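Input: one structure, supplied below.
Labels A, B and C are assigned to the chains in the order they are written; within every chain, residues are numbered from 1.
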Amino acid sequence: MKHLLSIADLTRSDLDELLDLAASFLSVTQRETPKVPALRGRTVVSLFFEDSTRTRLSFETAAKRLSADVMVFSVATSSVKKGEGLRDTVATIAAMGIDAVVVRHAAAGAPRRITEWIDASIVNAGDGRHQHPTQALLDAFTITQHRGRDLSGMRVAIVGDVRNSRVARSDVQALSMLGAEVTLVAPPTLLPETLEGWPCSSAVDLDPLLPDLDAVMLLRIQHERDASTRFPSLREYTARYGLTEARARRLRPDALIMHPGPMNRGVEIAAAVADGPQSVIGEQVTNGVAARMAVLWKLLGAGGDVV
Amino acid sequence: MKHLLSIADLTRSDLDELLDLAASFLSVTQRETPKVPALRGRTVVSLFFEDSTRTRLSFETAAKRLSADVMVFSVATSSVKKGEGLRDTVATIAAMGIDAVVVRHAAAGAPRRITEWIDASIVNAGDGRHQHPTQALLDAFTITQHRGRDLSGMRVAIVGDVRNSRVARSDVQALSMLGAEVTLVAPPTLLPETLEGWPCSSAVDLDPLLPDLDAVMLLRIQHERDASTRFPSLREYTARYGLTEARARRLRPDALIMHPGPMNRGVEIAAAVADGPQSVIGEQVTNGVAARMAVLWKLLGAGGDVV
Amino acid sequence: MKHLLSIADLTRSDLDELLDLAASFLSVTQRETPKVPALRGRTVVSLFFEDSTRTRLSFETAAKRLSADVMVFSVATSSVKKGEGLRDTVATIAAMGIDAVVVRHAAAGAPRRITEWIDASIVNAGDGRHQHPTQALLDAFTITQHRGRDLSGMRVAIVGDVRNSRVARSDVQALSMLGAEVTLVAPPTLLPETLEGWPCSSAVDLDPLLPDLDAVMLLRIQHERDASTRFPSLREYTARYGLTEARARRLRPDALIMHPGPMNRGVEIAAAVADGPQSVIGEQVTNGVAARMAVLWKLLGAGGDVV
C-alpha cells in the first residue's frame, strides 16, 4: 500500500490491518511517553487547500508521535497565489525530498492526480464531496473498539447533509465492509440523487429507526456549502433530524452517539447529548490520532517495528 | 501546581521555586547546546485567540529547549471560523492527547474556564485585562537577577496605560510578594477606578518619583485598544509620562529601565533610553524563555531532573 | 564566514567550499534516513517579510535535516502590525537566543542592516532586487554537477525580467566566478540600465545564441512587480523570449534548461520543455535543500563533522 486515497481501494484485509495498527498505536498514545522512533528521518508535508485545523493538527500529532518531521505548506502564503499550478506546487514539494503528502483539496480526485505526478505517498485528507478515508477509519475503529471487529447485523444511521458529505460516503464503505447495515437519513434534498454504488439504504424519517440503532452519527450542517438552502430553516431541520434529548432517550442505552466535528450544538445535536454518557465524540478525536499513525506507518514505515 | 492562571494563585514559596527554576534554565540556555530532554514526548499546544508573535515564539522556544513537541493551533484558519465554540475547540485539542495548552484570549477568565473542561495543564499567556503571569514572572526574575531575591524597600514604578494592562496587574502582585513597593503612574484616565485589591500605590506625576526608583517599567500605549482616546495627544503623553533622555538622567545610575515590548519608540520611551546602558529590555526577552521553561517544567516535568 | 548576504562577499575558495559541502549534503539527503545531528540544539528562525513558501520550506527542510530547531516568525500576525520597527523585531528574536535568522525583505540591504544590530548569523533569502545568494549557490551547484567545477568557456544565458531579478544578479556573480560566460537576454526595457558591475554581457535577441549555450535559465515574469507593463503583451514576450518547443530544439542536446520557479508555463517556458529531458528544474529544487544545508552548516556548525 503506497497511498491512501479512498476506502474503496482497500481490501477487507487492508482494513483489518489498519484497525489492528490503530489499536497498537492507541496504546502507544496512552503511554507516559507517547512517542516511538518508527518514522525518524521521514518528512511529512501537510498541503491543505481548504481550511481544517482539526484534521491537520491530528495528522501532525500522529506524524510527530512517530518521530517524523512535519512541514506545513501554507497555501494562503504560497506560490499558488502567484499563479503556480497544482502540478508544479506538488512537484516542488516532492523535489525537496519528502516522503508523504497529506492533501486536502476542494476538487474530488485531486489527491489521485497527484500520485501520477510524484513519487511520495499521498494521503487523502478530504477531497471535495468524494472521500475522507482517515475519518472513516477512525469512525470504524471507534465502533469496533466498543462492539468488536465483526459488525454483522449492527445498524448504523448517518444523519444529515449526506449529499455533500465525503465523510458519509467513506463511512458507508468502511462500515459495510465490516458487516454493518448503514442507513443514510436526511430530507430528500440532502440525500444523494441515487444510492447506486452506496452499499446502504436511506430513509427520510429518523424517529422510527432510533430504537434499533447500534450507533448514530450526526453530520455537520455545512453552512459554508449550500446545505442550508436545501431545507426551510435550521429550526425545522433540528425538529426533524436533530438528535435532541428526547430522541436520545429513545436510543438503546448502549447505542453510540458520534459526530465528526466541528459540531453545531443545538442544531444537529443537543449540547447535553453531545456531552452525555453515550457520546463517543471525544474518543473519535483520540482515535483519529491513532488511526492516522496507523496510516502513516503503513505507508512509510513498513518493514520496521511498530513500537 | 497543575496550571498557571494568575500570579494571585501562587504562594511565596511557589514563586521562589519558579524563580530558582528560571535561574537554572537561564544557565541551560547559555550552554553550547541549550537543550535538555526533560519534556521529551510531551506535547504543548499554543492556542492564541489574539495575535502575539513575541509571546508565542517565547513559549515555543521554551518548549523546544525542553524537547517537547510544539503544535500551533492557528485560530485564523480554524474551526472557530465555522462557528465552533471555545469549549469544543479546546475539547478537540485535549482529545488528541496533549499535555499543556498555552492560551491567549481576549476574555478575562477564559483560561480558568478551560481548566474546568479538560485535563491538560493550562498556562495563561494573557487573558483580556486580567492576567499575564509569565510576563510578571520574567519581570520579577529580571529584577531579582540584579537586586537579589528580597526586594524589600525597593521602589518600582509602572508607567502608562495601567487600566488596560494585564502586565501591570500581574507585575504588581509578583513584585509586592517579593517585598517591592510598586507605584502605578498614569494620567487619571488610565489608572484603575479603584486600587482595591492592588497591593500598591498610584501617582499622577512621574517626575517627583524618578530619583528614588530602583526600576521603572514603561507600558506600551495600546493603540489597538481605547488608550489613545483617553489623553489629549501622543505628544502630550510623551511630555508628561514618556521616559525621555532628560528624565532618564534623573534616575539613579543603577535603576533598571524595563519595557514588556513591543515598544513605541519616541512615545513612552526615547530610542536612546531604550538602547542605553540602564535598559534591561533585551534581558527581559532572554529571561522570558527561561521563565517559561520553568513554568512548563514545573507543570509537566515534576519528578524528573531539571537538566 | 558568519553571514551569507551576497555572492559578492564570497571568495572563490568560499564558493568552492560551499559547493563541496552541498555535494556532501546532497548525498545525505539521498540516504534512507536523510538526517544528521550536526546542528542539534541550534535554533534557526525564518523571518519572511515577503511571501515565499518555496524558499522558506527549502530552508526549513535543510535546517531540520541538520537537526536544528526551526521557528517561523510569521510577519502577518506579528508585532510588526502593531507598529514595531524592524530593529526591535529582530532584537527581540535575537534575545530569545537563536543562532541564525533567514531573512527575506522587500528592501535591498535589509539583511546587512540586521547584522549590525544582532549577534546571530544572517542568511539573505532575497532582499528586494539586490541578492538571493542561496539561489545562485544552488544554480551554480546544479550546473557543476553536470559539467564539473570549472565552467571556463561555458556559455550561460539568463533570459527574462533581468532588471527586477535578484536571482540574475546573484547568478551572474557566482557563475562568472567559476569561469562561465553569462549573457543576459531581455527586451531593452527589462535589461539593467547599465551593465557596470555585472561581469557579463547582454543581448536583445535570444535566437542567435541558442546553438552555443551550455545552459539557459528562464526567469519568471513577475506579474506582481511592474514587469508586465514593460513589454506589449505576454503573447509577444513569449514569441520573442519564451523557450518554446521550437527554440528548445535548437539547443545542443546536452544544454541544461533551468528555471528558479514558480513557472508561468506557456509564458517564459513551454510546458513540454519544462518537463522534457533537458530540464533540470526539479534538480534545482532538490539541490536547493543541499545548498542551504551547506550554508547553515558552514555558518553554524563549523568545527563539527559534516555527517
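Worth pointing out:
Throughout what follows, a residue touches a chain if its C-beta (ideal position, glycine included) is under 8 Å from a C-beta of that chain, and two chains touch if they have at least 3 such contacts.
As the structure is a computational prediction, the values presented were derived from the model and not from experiment.
The touch graph of these protein chains is complete, with an edge between every pair of chains.
Interface residue usage between subunit A and subunit C, two copies of one sequence, is largely distinct: under half of the residue numbers at the contact are used by both copies.
For the pair subunit A and subunit C, the distance between C-alpha centroids works out to 40 Å. Those residues of subunit C in touch with two or more other chains do not exist in this structure.
Put simply, subunit C touches subunit A in their complex at residues 29-30, 32-35, 51-54, 57-58, 60-61, 64, 76, 223-224, 261-265, 282-286, 288-289. Residue ranges of subunit A in contact with subunit C, taken from their complex: 40-41, 43, 69, 71, 73-74, 77-79, 81-85, 88-89, 91-98.
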